[in-house]
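In the two complexes that follow, chain A is the common piece, with chain B as its partner first and chain C second.
== the complex of A and B ==
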């Protein structure tokens, strides 16, 4: 069932020109994007539209004593001002918890707070005006009287006596804690040959999408509908959120999401300013636009990865890993973010540590605490880069302690490729992974001997280079076990409708969404392949709750695996329907026919029999000539959901070759490699670019990116000059290879590929830096690996 | 981040400029390359009443060598500095500094006068001006004056410029055949402001003896820092490893760097020493380098 063979999907020849799956088909929407003809939310201009700007809290924690709006209302162009109470009159607050995260708690969050601001940058007052500039003039004329309150900024003291309890009704700042345990950690570590431990820090990051968060909400009083143009990853989820909290019927809310300029997880969350905009539209009955500027993006887009992890590994005298013992602490800001919650990242650390390896004893605890900083939530590769840095950092240290080569140590301990299916000590179920095949493939690509020789020669000249490796697993194709079982209306299934129009062209409408990553390209490929038409004859519709089947959208690397399978199944169903009609027209049995490049052909000989345009003409305009009882609906819908495994895990391994200037502490990444196994590769070009982009984001986090706060909770990195993203000049050549272990849950066999690069890159770079620093006995484990931290590790400052 | 409502006047001559200043007083803000000003407007950090665009004033443009002085008009863009043959020949340090200044789009618009007037302590051109012992030609409705770059920078983003006064040109003594110069910096990414940088200028005679050393550091203080003690340690000595070590040691007394987002003061001190050694090593004769 799992192989795409001529027999399995009825193709007459695997090398038909429209056998697109597995080929680097160019993206059909690329020209539109580079010519500036895309439609981003900010490009949408509606009649009677007004613009919103927000006064944001200048304090990390402060009571709102009074809000004086007269000056704003007197500002030219300003139409209306909204405070928290104005919004709360039409909009219910939310509490972001999930039932399956036992004991989780969070406080009700309003679009604009009623009494207290709890992070610097929290939206407090909305000004609506004829233009964004006038709205900002209005914001400048507002007068808010604040009573600054002590802020809880340090997560290390958030649970200590004397901590500022951010929401007194919760009793303390503990949002969630979970411990996973297997085997007997205490005994295993007590009898171990070696135990190595370290403390790792991963820095607070944010996603920095090229297109900032954008929304236009338009409430039509005439028919009671709310139409929202939204730069989002999950239109159907947002439809439900707007309906629930604005007290509307879900059917009366439509979310439209055309082009999106990058998401990385940032745009799959409910933001208070965006809900406030929808509430304002509901009140005013006019379209309201809000586009976050870069300054407020840094303060209000979700942050992520603010973790401190104390961890140790135990190994026996033969170099076998006995166990991992991990203690994770993460600060998430003052609220868990709705509806996915901010406990998932810590939970992922618990799920994923040690993931690639064969060991018995495991203990991992995460504690998720509140603090007065920007809320954190899911960002590309949620938890993976953290767990991978901890695991692979410890693996390298253990290999060093044993005097073993890090490659040999990994080969000894990685789960065997024939050991599946199996479960990890943390309870993750693996259908089929390829750690050893991936390592073998990586070693074909990385010239290890030449690199090691160069390393020695360079050291003699005072140049310090290092080679680092990082194996990883990645969670993709999530089932309802991720969110649905916790009570969140987040769809794990997805649908596709494929239809043939009279001219023989094909349209696919899908519930998964395009964020700039190429979803529409692979949908077109899959449908062209499945139906049997040239890819340029396929149009793709995504991002409209009124015109696409219900689905979850884009997150957790599910677009190809879930949305792609739904598209393939509906395309195959359409082809079967086309052949049934063609059989009737040609007086032939459908199974003797096929569709190739837009024509019905004789299956055995490939001889063209009938064009799809002619078939379309007959079906749509001369249906009278067809047999009366012939089904001729040239439109098919299929939905897909995974059923056997909670998640389709993928795996891979990365290598990084880097040079450290030991006098300045600067790191130069010389070359980077990744072999990953995302199952069936639908489009090698797109997968490679996803991996490369992910690696760049991972390297960015490891070297540069950091949301820096002072002790009072003031965010210091609020521009692109302070929050350093990776730039092309600093990025290395990145080589990508593939091993393909298709999932058997679907015909397509695809798993996710979008987060693999980010998952492994920071760990590979950390290990490369530490390999370079080895002659000095220096080591860094705190990201980002800044010159100051490296110089400190070297004892030079 | 939208600008406040703002007026705009294009000055086509110095008289236009003085007229605009008379009319608008303190509300008038000079606009040249705009690479700093426009961002501060978007942040609403400043709300001038009217921008007076000086980019069409001919007296502020052009690069010329006249009467033994290299005169660089204040409106000369960074990219122009990098490709001007007179600058390449007579002030090679400035040409060498250009690739370090931000990114090409900014270099195509930003001006030398703007960079000096803004006086960012981590910027390259103020340090180059000090290292090259430049004289700044200042103009105002009241007349003109000339000040040394070394005294022009008075603190963080502060200069001797008085209200209504502008930089007209940077005047430099052309590089002598004995002059050696180098610029080096450490920044997190290419194009970022320097965590520490050095603009090094000195003269080396045939015997390798140092004269007129003007090592100037940037990104390590509230203004470009002329390293007086390090320079004194070098002056008159034959440039060799011992002289470099002596200069590096003397540098300690020249610097009092602040902490910034990238690291503590001791990191800046350390980086300054590393840069001093690396810059001076470039001037060593080949046989010394090999050793």
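== the complex of A and C ==
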């Protein structure tokens, strides 16, 4: 067969009607969403299904002295009550560490604790009833006697002498620490023209998926299988987790994931209440449903980004960055979260600080410590918004100290576009990035001169506006270097099976999953393109461990780059197989034929020779008319894994134009821009919306979102009226542009696009606010940038 | 248990409901109309927006027992009526829905703009949609879809006047 190149399959041309890659094709699964006809996990109802509700710890840290269940069992509708010991009888605990994170430690975690509750909101007792309402009545009738214990809630004191050691068997509260170092930081900072430093704080956030965590587990005693309907990003990973901890064979567990109402990283972790539900189904032999309510979500969905970072930058007299020196401290929960661990976010900060820039000297340390608060773990853009805020905050401060324009300073220091491949001082390997092309593109979009003129004119009227920039890099298409080498059964490869049915239609089954980002749409586009059929002739199957090839699912921006490439390779293989069969039928050499818009055509002239429906009819019903030795399996499977680079980095730059009311401290974002380079853009419509949604999530975190605790570890923000998320009136129009630097690791050339918006938006907004506050000599570096913090920075309160 | 008889999407239904049963649980659990979603159950997120007697309400804040004699329209009924087929087409064309969990409520609220505020500006659209939380899209495409539908309907009205 001829060598396949991007050009040979039409990736650089749009002259074929089924050249779908690069086109804004609407999502085939969108119609059901706008008509309310999707199927989320809570929409699934099974015969004899019961409902679980949990009693959750009211204390941040307390010993469980006794659990009195009689009242609950006497409640109408209640069927059974489960304590930690009941669940532990069928379910083994887990310890969330990764071997490659040297020295990492955590304690065994049970679905429901046996002796102590270690955060407010930890599930402690499960009540199973005929309805959710009855289960909640049962929870209200439980009597638990607690002995409250001192709680460790301040990350700054977690390692101090006399701190409450949350798990005494670990010795201390230090989960993980790592330092990356390159060059000679001490010498570079000693001889620097200028050194500027600041302390940055990023707030504890949570994902607030509008569909709460949802699960139905059903154990069939006849065939010994556990079937789990689950709102998840990673069905195969969960299959392995349920099997391992419930002592089942992996093959006897099936995870089905239909429509998912948002994930953002929240739904890729193992939650104790969900494992408890699976254990209860295992014990009771009937389906059990659990859907978290919003109060439970705030207390039990993973939190993230609780960091305090002291950092400094050194520059020479010409405005060149010499180095970064960063000290990161992050407080997680009482346990590292299984199986990804809660050390990755801090590790990412170490990997990513200074990422877009050309400099020699680097030192970054993270320390990850335990706290009696909701466990933290990976949430959209893991570590990126933190590293970008630190880097870009320091870059703006350095430019100001040098009297340089922030754009000119970035232009001077961003890694040149022709300098690849190269490695960063923290050891990240970059295949190809486009910081300067992205900056050029951004400056075509942002009317900087007009904005600066407006800024001056408004200042004269007492209105304070600012323009902020943030360059960023983003880690996508992860290899086994992210989790697999640490011993976690988290697959970095992914597979796709593409088949042609008798009517000439095509079905693709993929291990990557749909959370609303458009995975199924791009898989349909890629397969339609690869096979040569109209996109509406492609059906997509995802989210079923029994019916899709084994894969990692959706995380770290891998769906398009990994799952998409597997789909493309299998589609091309199916086309080759179709042409073999067509060649035999038409007495033509396969290489003289092609498939276009569902027809086998003459490659040179494009003349239709045979429809795929006719080819299907012969293969499936009149196989007797084909040559005896002809391979006629119209189904192909390919798996893909990256091999050259541990990660495919993307890059981009954002700009934010904001107004600060210096009387009230309120911030209004006026307009926002982003140029990002995710390699080959498969569907511009979907990429733009991923970037916009990511930006709003980033702006929300920077302005409003904060899981607030009191000193005793009580969570104070447990409703959507307390934990504020952006609504449409507060958000600006967002302009998105693209530069395309395809990765050469794959034919498709796609990298990830889902996290770029969130990575850069908080830093761009912070720099815009500080640009607005510049006439007052005021500065904010602690997120969220609330009115109180801004007024304090202004010295007004 | 309280007996109620009401009209849902044009069909008469009679049920006995617990006093604590809210409208969304009634629709989802008693009638199997799963298009309306419970996002927060405390009246903030808007995922449960449905129409009662012509006005949009938060279904999670309305006891079903209070709806004897009421006329309720959900996303299923609104879709089948064709009233917002143009709006839904703009949502699909612009990818104004990602995970889709907020979308039925968003469509109900947008339909309210189409009915009551045919001249809404972009800022007014943003304001009116501000009781409906979307975590995925960033709102831009949703505002575009509503704006485009309003413009199309205004053009059609002008055409009809000629």
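Annotations
To be clear about the criterion, the second predicted complex is superposed on the first by the 785 of 797 C-alpha atoms of A that agree within 3 Å, B and C clash if a C-alpha of one lies under 4 Å from a C-alpha of the other, contacts with A are read in each partner's own complex, and residues count from 1 in each chain.
By our rule, contacts are C-beta pairs under 8 Å (C-beta built on N, C-alpha and C of every residue); 3 or more make two chains touch, one makes a residue touch a chain.
What you are looking at is a predicted structure, and each value in this text was computed from that prediction instead of being measured.
Once the two complexes are laid over each other on the shared chain, residue contacts for A:133 go to chain B and to chain C alike. In the superposition on chain A, A:708 makes contact with chain B only, while chain C stays out of contact range.
The partner that reaches more residues of chain A, of the two candidates chain B and chain C, is C. After overlaying the two complexes on the shared chain, residue contacts for A:259 are found with chain C alone; chain B is out of touch.
Of the two partner chains, chain B and chain C are each touched by A:294.
In the superposition on chain A, contact is made by A:663 with chain B only, not with chain C. Within the superposed three-chain model, A:727 lies in touch with chain B and with chain C [touch as defined at top]. Residue contacts after overlaying the shared chain place A:454 against neither chain B nor chain C. Within the superposed three-chain model, A:26 lies in touch with chain C and out of touch with chain B [touch as defined at top].
In the superposition on chain A, chain A positions 133, 293-294, 721, 726-727, 729-730 are in contact with chain B in one complex as well as with chain C in the other. The touching residues of chain A, counted against chain C in their complex, run 26-27, 30-40, 42-43, 133, 207-212, 259-264, 293-294, 515-518, 685-686, 689, 692-697, 719-721, 725-731, 733-734, 757. Residues of chain A that touch chain B in their complex: 131-133, 136-137, 140, 293-295, 663-666, 704, 708, 716-717, 721-722, 724, 726-727, 729-730, 786-788, 791, 796-797. Note for the complex: chain C touches chain A at residues 18, 20, 28, 34-37, 39-42, 44-45, 47, 74-76, 79, 88, 91-95, 97-104, 107, 123, 125-127, 129-143. Interface residues of chain B, counted against chain A in their complex, comprise 1-5, 43-44, 186, 188-193, 195, 261-264, 266-267, 269-271, 274.
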